[in-house]
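Each remark here refers to the structure printed beneath this line.
We just call them A, B, C, D, E, F, G and H in the order they show up, numbering each chain from 1.
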Amino acid sequence: MTEEIIIAGFGGQGVLSMGKILAYSGLVQGKEVSWIPSYGPEQRGGTSNVTVILSDDRISSPVLNTYDTAITLNQPSLDRFESLVKPGGTLIFDGNGLSRMPSRKDINIYQINATEYSISHNATKTMNMLILGGLLKVKPIIEVDNVLSGLKKMLPERHHHLLPMNEQAIKAGMKLIQVFTV
Amino acid sequence: MTEEIIIAGFGGQGVLSMGKILAYSGLVQGKEVSWIPSYGPEQRGGTSNVTVILSDDRISSPVLNTYDTAITLNQPSLDRFESLVKPGGTLIFDGNGLSRMPSRKDINIYQINATEYSISHNATKTMNMLILGGLLKVKPIIEVDNVLSGLKKMLPERHHHLLPMNEQAIKAGMKLIQVFTV
Amino acid sequence: MRKGSEEIMLMKGNEAIAHAAIRCGCDGYFGYPITPQSEVMETLMELEPWNTTGMVVLQAESEVASINMVYGAAGCGKKVMTSSSSPGVSLMQEGISYMAGAELPGVIVNVMRGGPGLGTIQPSQADYFQAVKGGGHGDYKMPTLAPASVQEMADLTVLAFDLAFKYLTPTMLLADGIIGQMMEKVVLPPYQPRLTEDEIRAKYPWATLGKPHGKKPNHITSLELLSEDMENLNKRLQARYRTLEKEEVRFEEIACEDADYVFVAFGISARVCQKAVEIARSEGIKAGLLRPITLYPFPVEKIKELSNRVKGFTVIELSAGQMVEDVRLAVNGKVPVEFYGRMGGVVPSPNEAFNALKEKLIQ
Amino acid sequence: MRKGSEEIMLMKGNEAIAHAAIRCGCDGYFGYPITPQSEVMETLMELEPWNTTGMVVLQAESEVASINMVYGAAGCGKKVMTSSSSPGVSLMQEGISYMAGAELPGVIVNVMRGGPGLGTIQPSQADYFQAVKGGGHGDYKMPTLAPASVQEMADLTVLAFDLAFKYLTPTMLLADGIIGQMMEKVVLPPYQPRLTEDEIRAKYPWATLGKPHGKKPNHITSLELLSEDMENLNKRLQARYRTLEKEEVRFEEIACEDADYVFVAFGISARVCQKAVEIARSEGIKAGLLRPITLYPFPVEKIKELSNRVKGFTVIELSAGQMVEDVRLAVNGKVPVEFYGRMGGVVPSPNEAFNALKEKLIQ
Amino acid sequence: MAKLIGSIKVDIQKCKGCDLCVIACPLDVIALSKDANSKGYNFAHMINPDACNGCSACAEVCPEASITVYRVRV
Amino acid sequence: MAKLIGSIKVDIQKCKGCDLCVIACPLDVIALSKDANSKGYNFAHMINPDACNGCSACAEVCPEASITVYRVRV
Amino acid sequence: MNNMNITDIVNPANLVYKKNSVLNDLPMHYCPGCSHGVVHKLLGDIIEELNIQEQTIGVAPVGCAVFAYKYLDIDWQQAAHGRAPALATAIKRLLPDRYVFTYQGDGDLAAIGTAETLHACNRGENIVIIYINNGIYGMTGGQMAPTTLLGMKSTTSPKGRMYERDGNPLDMPKLLAELDGVCYVTRQAVHTVGAVKKCRRAIKKAFEYSALNKGTSIVEVVSTCNSGWKMTPDFANRWMVENMFSKYPLGDIKDTIQA
Amino acid sequence: MNNMNITDIVNPANLVYKKNSVLNDLPMHYCPGCSHGVVHKLLGDIIEELNIQEQTIGVAPVGCAVFAYKYLDIDWQQAAHGRAPALATAIKRLLPDRYVFTYQGDGDLAAIGTAETLHACNRGENIVIIYINNGIYGMTGGQMAPTTLLGMKSTTSPKGRMYERDGNPLDMPKLLAELDGVCYVTRQAVHTVGAVKKCRRAIKKAFEYSALNKGTSIVEVVSTCNSGWKMTPDFANRWMVENMFSKYPLGDIKDTIQA
């Protein structure tokens, strides 16, 4: 099985680290993984994205033109990546501040209002875990335990006390995500 | 007709300018000319040489391995260039301070003690004209008048009063040169 | 090569270089920041190897200074490196030529970005010519290794040092922005101790460590006054290059045994082509991939051999076509050699590579 | 091209460059001394063109500064140049790549000396690859002219400027120590006035001379944030290179009509080979010489054509063999291509060239 | 005594919510909005418009030149 | 009163006839020879050896390190 | 309360501060609160005020200000990293009646461009150098610069700059002031209204001086890089006041014209 | 007259001055009377005196002294033009107990090598820099250097250096002395016995200081280039005293160890 995912949003939205957690989780689960960020000055103020591949086999090309799953956290990202989801694939979007909603009918679309939720719950730091939770709900590619071990691997020891909070956020995200009908 | 000449000596002996005068003279006489110096730090204290080609036709290679005529002004130059004179060609050497004399039998060898002469006549500045005179005596490739016009072309106006002195030196050189028998 | 703890880690290609350098006993790193490779020095500064192996890490004032620091340290028989990206590597060309002329080992990492000029910071392979033909002046060649994965970023760093010291030559690791920035699994090479001074004196008697009593002094230089002497130096270098060409060619073949058509590609392009091979095979086209790991020495013999049994080659590069010339030189007219490339930081997709094969070569 | 007084003068190749530059309306020279080309700047300083044509001559603090001064002045639509020799030209590689990327015209003279490293100051042709393949980073090509006489040092200086402005590209005059240092007869090109500012604005509307009221400002840059934009810049450059390759190939053929064997050589090597042709013909061997005047664009079609009717090529270079690759690419396996070279400052004699032909190709 | 009354106009699409105008304003006229502009920035706006005396401090320090200041003497 | 007497030895093959020792010698001991060495240089030699007091001035300034100095107190 | 409402006040007649016309409307790519934006604005102010928009040529660096050319509506060249003074030298020599200025960061000017800067100044090129000293390499993600303070953290000095390894922070303007070719050197900042106003005057002076052909004018702006420093813009300003100003004290360093 | 003959005096027992053992017997390639020879000799003297021949590594420049490595019997590296301080930095960092020195001309140090020199000094590398300032590019045939005096002729300033075109002569050691990383800067000459002796002491101090790890030591030797200046060696010395010393006055510029 191979899962090809793109996550995109504003620079400050934790897109890269969300991808990293996913990659580390894949590592824990014994998968082949690749993680490619968009890098450079466009991060500064602009948008940022990361491609994550999780696979049971050796990954040939880490560069992709279409994706099994796209996660978009703002309007420009939605505009850019909706069309690149493979037919039958999955789009997860944060509805915050959108002026144009997704419109494809050949893919599975989910909405997760993580921005709104995390602001109202004063938990912007775990916003990306909410979304990850949402992803794992609709695409259970990685076991939640492995995500937590991955997170543990990734975080320096001094931050390990934050793990329970993150676990909660994953669970909240699983509840927050909704099917979106075009 | 093509005449391929190498002139070699110590840095200070005016080797390059002797070649230059020859080249300018050739220019005046309507010949094709090429002048290639040895260049670089070896000049500093070391030896220096210049290749001059005078020809009625377009000069193909200005780089030569053998010469019609070699003029050597010190021991290292004699040692290096005697063997590079074409059979039947000409070697002119200054005898000053030599410990080994030329020895080839298949070329025409001439001695000109220009150093000695110019020191004793307090005329070291025109030493190279002496030698040029010697050359023109045994190889009248350029007319003396053209040498003087060449010199005029080469020298800045303010030095033109030196021309008669140079003419004298050429004539003296013509007398000074001697056949050398191995 | 792999010994010790086989711990599987996840890291960026640039980070893997830093870890591998420390582990293989590197004595020093000198560099100047530039995207997309700044993580090499940043990781070293984070790891503080001066506290463990004693490795020196110094941020220089420029790439010109960096490469000349590498020269100085290499002249002492030390295992040293620098890293940069395209514009910075252009600034190193004089220094690299000096190292080649002075017969000094050292590793230069170029994580290429799109040029010419300031260009983009996106991935590119357009410094191939600079690396393998000679971006600097004079006749020199530089072993050039092209990693295609994070694992190879680590492994080829170690190999680069080995080649550098075996052949006394600057050696280049020629990666691209993607290989530098992507994270993959990697098993780091085992620790090798840094050489002691006595070991350096024994292995590299030319090193300037201070002239031992009664011995002749050592001179690191690329200068010869007489052209004859300089030609002799050049002959020595050329002889060494012939040995390199005989002994050190490395490549990977994927599905070439029965291939009718062969992709030739390195680095990230090879990864893309690997998927293109899968696509082609799924459409019944017998495609294969030859991935040069050493760009210099180039797998000339292998390509010659393949050109006797395949119908053609498609070369895919992130450039206007550079390595394709070496492929053509090796094929020497026997079968068609086609090219497809993207420039300025754009990476072709596997589909594009496959289409290039189909449209240019097969139809 | 020749008008006005046809006075025949005797001077060094380096001096001829300086004279020709002033005469063709050059606006500025920026350089740093290095043997064997320092006479270029020295002659300019002696001639004091600032008093006559208004040309600016400035000694820079380094070759890095020189090339970037050329960039700045070229960005104003000015006709400017620099000159150096091998190590100095290596230092200019970043700047040259920037000029290519920013589409700036300018002339760079490289009077090559023996490398690699500090090497010797004797003549060499071992920077061929650097000039024509791309010593700097990224995909760019640079028109490269190879004078073989003092006359051509003057004439090709003028042509270099013309090409630079026609194709908006840095352009190289690739000479060697001998052509720079030798004196030959030369008829200097006629005087052309320097362009006025109005003329520059009209001819080169991209020039940064100060933005006229109500117009868009001009930007000289080689930077693009998005790879797609950078690829477009590269496509524009590549298209221009294709035109160059079609329109600007220049070469000289000597005794090629009936030749069985053809020497290919440029610069001083071509002069040597010309004599080797004479020797060969005197021995009854039908030899000829193809002398590329433009090294880029290379006379590919001419060589292809010749390869249909000759028995083989012998390439003679002052290097370990660089241009020979371009000859082989053009010949593409049709007939043998042999190479003979000397390195590190040594110049082969006509006899050596002839022997190379005889021994490698004919026997 | 004449009194200065002022007002500012913030180009909210250019504002990046850096907070520097907020700090620079001597009269606490400005604050960052809860809403974000299309780039996701919480832009500056007047929360206490009546206090503004048009001193331009906010505009001087604004890195985006996104503040225009008006002032009348009444 | 004790007197210092000295002498110098010039390595005439290394000497380049630069004249600096001649000028440096306070006692005019040295001059350049009319003869040249194998490089063509008129080397330095003592023309007034008895005057030498072994002060080493000549040797200190010699760029070729071609002078050795001896001195005795008599 | 006053008896005017906002629409009464917001009226062209009452305008007291607006963006100058030289600064474009394009949003700048800088991080929120970055000093570069303020300095760009001041340059636009001065070019407008001196009415030299058509005679001014800017040279942009490699650094965060690499895109400066997008924001000021004048002719610009973009220089290779560190080489802006070489470009400016040539431009000014060939167009002596133009106003030519470089805009450089501390990595650009004080590291890789040391030689080009020092020699342009030593030759006394009649140009203006705007020097944004934010103590870090902003563009490439916050590495140590020659100007980074001792103990200051960066991605290449994660435990802080150490004297033994990295040397002391380098004060280039102070050195350059020693050169005869330099006529004006001043150090400014843009963290307060007062500082902004002073800085504007300094830049104006530098441009005016550059027309006198008396040598090089240098305006250093001690700046923040809140991204690189990992601080909020406001905190960065306060940190700058407390830490940078002792090493880089504000004020004129040299003024041979006025003196 | 004395009652000893020469052979009595010329006797090992009476030796008062001989070439040091570190200087090789190879004839040097310098022009007659060139200052480089004297400075080489002094370096040999000091290396012998301090008994550090086995711990010393020299870095030769590109310039007339490019072959310095042939003349002093120690380990040497030959650096690219201007980059000697970068080499020395790396050598010293990797071999901290060695004595590492560069030997550089004024073109090498003050033109093309400006950045490498300034930054090695700013980092306070514990090396010695020997700086031969002869106001010209000797090696390449007498072109103008950054140090060439105003009005002084060279092949690239045939009518003399002009302030408007070329700027004023550059005094690098004075600038470098401003840097915290530099502990010792002195300006010497070798035109007289007294000067030679002082210069020897200065070089010794520099080597001694470099072992203290207190920073960079710089010994400038104001020198002649009689070939480039087109003067006899003696006349060149006198010209130097009359013209160079006012711009480059001899003496210590900085000494943080003694002070």
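The criterion applied here is as follows: a residue touches a chain if its C-beta (ideal position, glycine included) is under 8 Å from a C-beta of that chain, and two chains touch if they have at least 3 such contacts.
Treat the numbers as computed from the prediction; the structure is a model and nothing was measured.
Chains touching both chain C and chain E: A, G. Taking D-H and F-H together, the chain pair joined by more C-beta contacts is F-H.
One simple way to say how far apart two chains are is to compare their mean CA positions; for chain A and chain C this gives 34 Å.
For this pair, chain C with chain D, the centres built from the Cα atoms lie 30 Å apart.
Here the spacing of chain D and chain G, counted between their Cα centres, is 40 Å.
Centroid to centroid, with C-alpha atoms defining each point, chain B and chain C lie 54 Å apart.
In chain F, the positions touching at least two other chains are 16, 39. Annotation for chain A: residues 40-41, 45 touch two or more other chains. In chain G, 30-32, 66, 78, 80, 111-112, 114-115, 119, 139, 146, 166 are the positions where the chain touches two or more neighbouring chains simultaneously. Of all the residues in chain G, the ones that touch chain E in their complex are 1-4, 6, 8-11, 14-20, 23, 27-28, 30-38, 41, 44, 190-193, 196-197, 232-234, 237. Chain H contributes residues 53-57, 59-60, 66-67, 69-70, 73-80, 83, 86-91, 93-95, 98, 115-116, 119 to its touches with chain C in the complex.
Contact residues of chain G toward chain C in the complex are 62, 66, 78, 80-82, 107, 111-112, 114, 137, 139-141, 143-144, 146, 155-159, 165-166. Listed in rising order, the residues of chain H touching chain G in the complex are 111-115, 118-119, 122-124, 146, 163, 166-168, 170, 174-175, 178-181. Within the complex formed with chain F, the residues of chain B that make contact are 10, 12-13, 45, 74-75, 97.
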